[in-house]
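Two complexes come next, and they have one chain in common, subunit A, joined by subunit B in the first and subunit C in the second.
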Partner chain A sequence: MNKYIPTIGIEVHVELKTATKIFSNSINGYGQMANSLTNVVDLGYPGTLPTLNKEVINLAIKAATVLNCKIRKEMHFDRKNYFYPDIPKNYQITQNETPIGYDGYVEITINGEKKKIEIEEMHIEEDTCKSTHRSSKTLLDFNRAGVPLIEIVTKPCISSGEEAKLYLEKLRELLYYCDISDCKIEEGSMRADANVSIRKNEQDPLGTKCEIKNIGSISNVAISIDKEIKNQIELIENNKQIKQQTKRYDDKLGKNILMRTKETGNDYRYFPEPDIPYVILTEDMIASVVKTIPMLPDERRKVYQAKGVSELNANKLVQNRSLSDYFNKLLDTNINFKIASNILLGDIQAYLNKNEKQISDTTLTVTRFEELVKNVEDKTLTSKNLKDILVTVLEEESSISTIIKKSGIENIQDDQALRTIINSIISSNQETVNDYKNGHDRAIKFFMGQIMKETKGSANPKLAMDILLEELKK
Partner chain B sequence: MKYLNKPILEINKLLKEKVIKPLDLVEEAFANIEKNKALNAYITLNKEEAIKTAKELENKEVDNILFGLPIAIKDNIITKDLRTTCASHMLENFLPIYDATVVKKIKAKNMIIIGKTNMDEFAMGSSSRTSYFGAPKNPWNTNKISGGSSGGSAVTVAARDVFLALGSDTGGSIRQPASYCGIVGMKPTYGRVSRYGLVAFASSFDQIGPLTKNVYENALLLNAIVGKDDNDLTSADKESEDFTRLIGKDIKGMKFALPNYFMSDIVSQEIKEKIISVSKILEKLGAKVDYVDVKYLENAVTLYQIIAMGEASSNLARYDGIRFGYSLPNPTSIDNLYYETRKTGFGKEVKRRIMVGSYLLSGENAKIYYNKALSIRDDMQKEFTNLFQKYDLVIGPTTTTTAYDLTDPMDDPLKSFLDDVLVIPVNMAGLPGMNVPIGFSKDNMPIGMHIIGNKFEEAKMYQLASCIEKELNLALTPGGEINE
Partner chain C sequence: MEDKLTKEEVLHVAQLARINIDEDELETYQIELKKLLNEVEKISAVKGYDDEKLIASWDRKTELREDIAGEMLDPKEVINNAPRHSGNYIEVPVVIGDES
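What follows is the complex of A and B.
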């Protein structure tokens, strides 16, 4: 296996989250009745002309920026001509000569090491319509026709399915965090094609490549790439020729299925789109878009960990953008972030998941959360207390202290008072003290039970335990 | 009583005073069209709807100079609920569901659309003979071509069915038929008039413009159709202006350039003589006419064809039988649907241009031909820009000959080259160009002068054109009728 070096390039199409389509004012929506989101422009009616949605340009500038691309200041659109029922004008408006972004990269961490996945270029284009094949007929839904896309093309610099997977995860996270796309692979708003080839030595020219199209999930990208690499190695080992083919990954069969064998290159008869004048980007325009880019995921992880959040929790927070955005609002306070992250990712997230809510749907303002964390930190609230009052905290608006008071929680904070109770329990249960000294662990349970009984459950368990052990050692 | 032959101001006055109603004008127009049926100027008449609109207008205030006037629209301009065929079998039954921007503007002025005029199929041709519906005939001699591609619009105005029409000009298609038919035709600056709803032939050249019986009415119609359109990114953001404002103004001190190429052997002797006699009149009026050399003029047609056919091959790809237009019944496969629909739906000239255009964009050819042509087009524009630093306008003949016989061969490449050689440089440079009649040949066919302006200087062109019109005072009604 190690004799071969796989080379993989990935093309990703991402649907942009704009209100309207790229070249018309039709709604950009998903899951609506077929052909309800179309107009004469989308259908390529005679006489119609494209307009240009500025939002698309702005999102593309954003994407180019977070993918570390250089941004082209003067660009045009091109027509890619080909006959297929899914493209209403029989040409696609795209950017062939002057992609808006080029020479970028996305950084991944593989086996503890950082690697830059280089981006060759990213360009803007229109999506095609959706065709559904039913026996001998093909049904066309033009709702998707004219939805804005960016296509992101890597250099052939990826060397395994795992790297491809990490790249796509990183890409998805970046685009999602910047509100460029919702990146839902299952709804087709993010689609990946992989070009795979192998060769024996770094110095050799790239081998014949196979393209795997429209892979349905990120994990399947890794699986299908690794299967293709294995397949190509087997072919070479058996002295067979690799043909330039287009395949698709079949999830059910777990196999790459041949779609077609390419005989000659396609001739798309590209030429500059005469209906759309050159687009000129000024530094000011770019700067005003860049300004809207939020703190990116990697930066968030770094900041959270610097504030004392565990790596695990930092990752979990970043995985949930609304929680992470919420957490960012706390960053200027001086609460205990470790505790804050535990509460947010523990009981609160459980509540949100159970009730299918977002943190913004609750009454938990930053100020109230701050108060909540402080009460947990100074042990006014035990984890059990927290569970008891959580629904009230998240659904009502009164202050945390009021809620604590109302719910009758008054933890015995005073060490001395608690110590007196504990000492009295110890002295009246000398036999159990002996059990403890003889190594019977259940003695502790007994004492804790007694303490809780005596304090009606209001003692802070950790504190009680600490004092108990201390006193028993005496 | 006939009203459509009267000057527009008089008609407007009669309408305002309720001496006549829009319906009188509409009925007169349809009577004229019926009388001149043999000219084959129309593909579709809008009779019912026009009469209905005319009646509705009776209750409305006459609020503008174009109110209630009948207008003919070239059949490549999209009209809602009114068949728009582009003179092609492909769109023979195409009933649009929206209005072109210019049509909206026409309707906003309460003008009345009389019908859709005949033309070359998809505007591809110079004689309107590529029409699926047969060629229109020249009112001055029905054995002669009307010119094209806006042949029907030129014919209906020349025959005085109506006196206002819209055409489109990609490579001379307004000016050349206007010249052959003895009327005024203006191709405005590229971007002046919205192309939204003009069925695309060659997007970077196509432009809608007015064809009328005289200069003043032409300027008035242009007033009504110009303006920035959010639906057309190539439309120019220009303040509105009155194109009649310089009409009647003295041309004394103005400088005109007459390119030597326009007066070379490619142009017939009698046309050249007419141009010379007009330029003498201009000089007499205190203007200066200089013979100049202009680079690239002789290359314009070749370069134009590369760009126009390339764009056309792509623009016409949408006629595939799937969403609109002719469709092969019971296709056996998608390829079968494509091949047969396009084979049957398009005529010979259209298919020829699609094939040549596809070849020109194919593989490396796009770089060798199309991109190179675009770059020389830039040079041509610069050449004209320099010329306009020294001269107010450029003048010359519109055509090399007068209208020729309908029976002349259609596949003579030299002839079709000469048809457009004088008008195409204007499209290449994105400039405004117009035809104004300046007389007749020995066989009584109209001869026209071509006036070319700098970008967005249509008003100045109307100034010169109206001056020539006034000086020559030609009787321009076919059959020798004298204008009232």
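What follows is the complex of A and C.
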């Protein structure tokens, strides 16, 4: 296996999150009744003309920026010609010659090392209609026709299925955080194709490539690429020729299956789209879009860890954008961020998942959360207490101190009261005291259990432990 | 300069256009298509044509449209305007081998 160097390039189509389509003002929506989101432009009726959606340009500028691309300020669109029922006007409007973004990169971490996945170019185009094939007919739904897409093309610089997977995860995270796309692979709003070839030496020209199209999930991208690499090595080892082919990955069969294709390369007879004059981007336009880019996932991870959050929790927070956005609002406060992240990702996330809610659906304002964290930090609330009052905290609006008082679980913070209880427990358990003095540590566990039982869990555990040790020494 | 296209070239163009050509029509297309190409090639003789690509017949830049939804077609109208339909879908002859 090590004798061969795999070379992989990835093309990703991403549907942009706009209100309307790229060249018409019909709604850009998913999951609606077939052919209910169309107008004459989407259907390619003769005499109709495209009008370019401003938001498409804005989102493409945003994407190009977060993918570290250079942005082309003067560009045009091209027609890609082919006859196929998914595009009745017989050409797709795309950017062949002047892609809006070029020469970018996405950084991944593989086996502890950083690697830049280079982006060749990123262009804007329209989606085609959705075809569903039956045994005797093909059914067309034009709701998808004219949905704006960006296509992101990497250089052939990826060396394994794992790298491809990490790249796609990073890409999805960036685009999702910037509200560029929903990036739902299962709904087709992010679709990946991989070009795979192998060669023996770095100096050799690239081998004959095989394209795997429309892979349905990120993990399947890694699987299908690795299978294709293995297949190509076997062919070469058996002195067989690799043919340039297009395949698709069949999840159920677990293998890549040969596909018949539309035209390739020159057969598309690209030429400039005469119905859309030059698109000119000004510095002001670009600057006003760049301003709207939120703190990116990698930076969030860094900031959280600098505030004392563990790497694991920092990653978990970033995986949940609404929790991460909420956490960002706390960054200027001086709470204990480690405790805050534990509470958010523990009991609160469990509540949110169970009730299918977002943090913004609860009554937990940033100020109340700060109060909650402080109460946990100074041990006014034990983790058990927190569980007891959590639903009230998340569903009612009164202050945390009021909730603690009302629920009667206010921890016994009073040194003297607790000391009396502890002394009474010690005096009625002399045998255990002897055990402790003979070095049996489990005696402490027993005493703490008794203290919690006696105080119905309301003793501040740290205070109780301190007093207990003090009294046992006497 | 050849005065006609090869048979293969004609068949390739026919394939791209998804039309069938009978064997006895081939010769005519080899000649006719070449004549058309020769006419088009005269354009490249125009001085300065290659300097700048002609995108549109005026030099104004594209006006961008605000992202606001407008009126859409009634799905019934859409499917009734197609030769065949199946439920709310437009139906076309089966297209084999591609699932995009």
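Throughout what follows, the second predicted complex is superposed on the first by the 435 of 474 C-alpha atoms of A that agree within 3 Å, B and C clash if a C-alpha of one lies under 4 Å from a C-alpha of the other, contacts with A are read in each partner's own complex, and residues count from 1 in each chain.
The rule we apply is simple: a residue touches a chain if its C-beta (ideal position, glycine included) is under 8 Å from a C-beta of that chain, and two chains touch if they have at least 3 such contacts.
Computed from a predicted model, the values in this text were never measured in an experiment.
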item	value
Partner chain in contact with A:349 - subunit B first, subunit C second, else both or neither	neither
Touched partner set for A:159, first subunit B, second subunit C, both or neither	neither
Comparison of subunit B and subunit C by subunit A residues contacted	C
First, second, both or neither for A:274, with subunit B first and subunit C second	both
First (subunit B), second (subunit C), both or neither touched by A:219	neither
Which superposed partner A:89 touches (first subunit B, second subunit C, both, neither)	first
Touching partner for A:231 - first (subunit B), second (subunit C), both, neither	neither
First, second, both or neither for A:79, with subunit B first and subunit C second	first
Touching partner for A:47 - first (subunit B), second (subunit C), both, neither	first
Set intersection of subunit A contacts, subunit C complex versus subunit B complex	40, 43, 51-52, 83, 85, 138, 140, 267, 269, 272, 274-277
Sites on subunit B touched by subunit A in the complex	77-78, 84, 86, 91, 94, 96-98, 100, 195-200, 202-204, 230-234, 310-311, 313-314, 317-320, 322-325, 334, 338, 358, 361-363, 366, 370-371, 374
Touching residues on subunit C, where the partner in the complex is subunit A	16-18, 53-73, 75, 78-79, 86-100
Residue ranges of subunit A in contact with subunit C within the complex	18-20, 24-27, 33-40, 43, 51-57, 76, 82-86, 128, 131-142, 213-214, 248, 259-263, 267, 269, 272-280
List of subunit A residues in touch with subunit B within their complex	40, 43-52, 79, 81, 83, 85, 88-91, 138, 140, 267, 269-272, 274-277
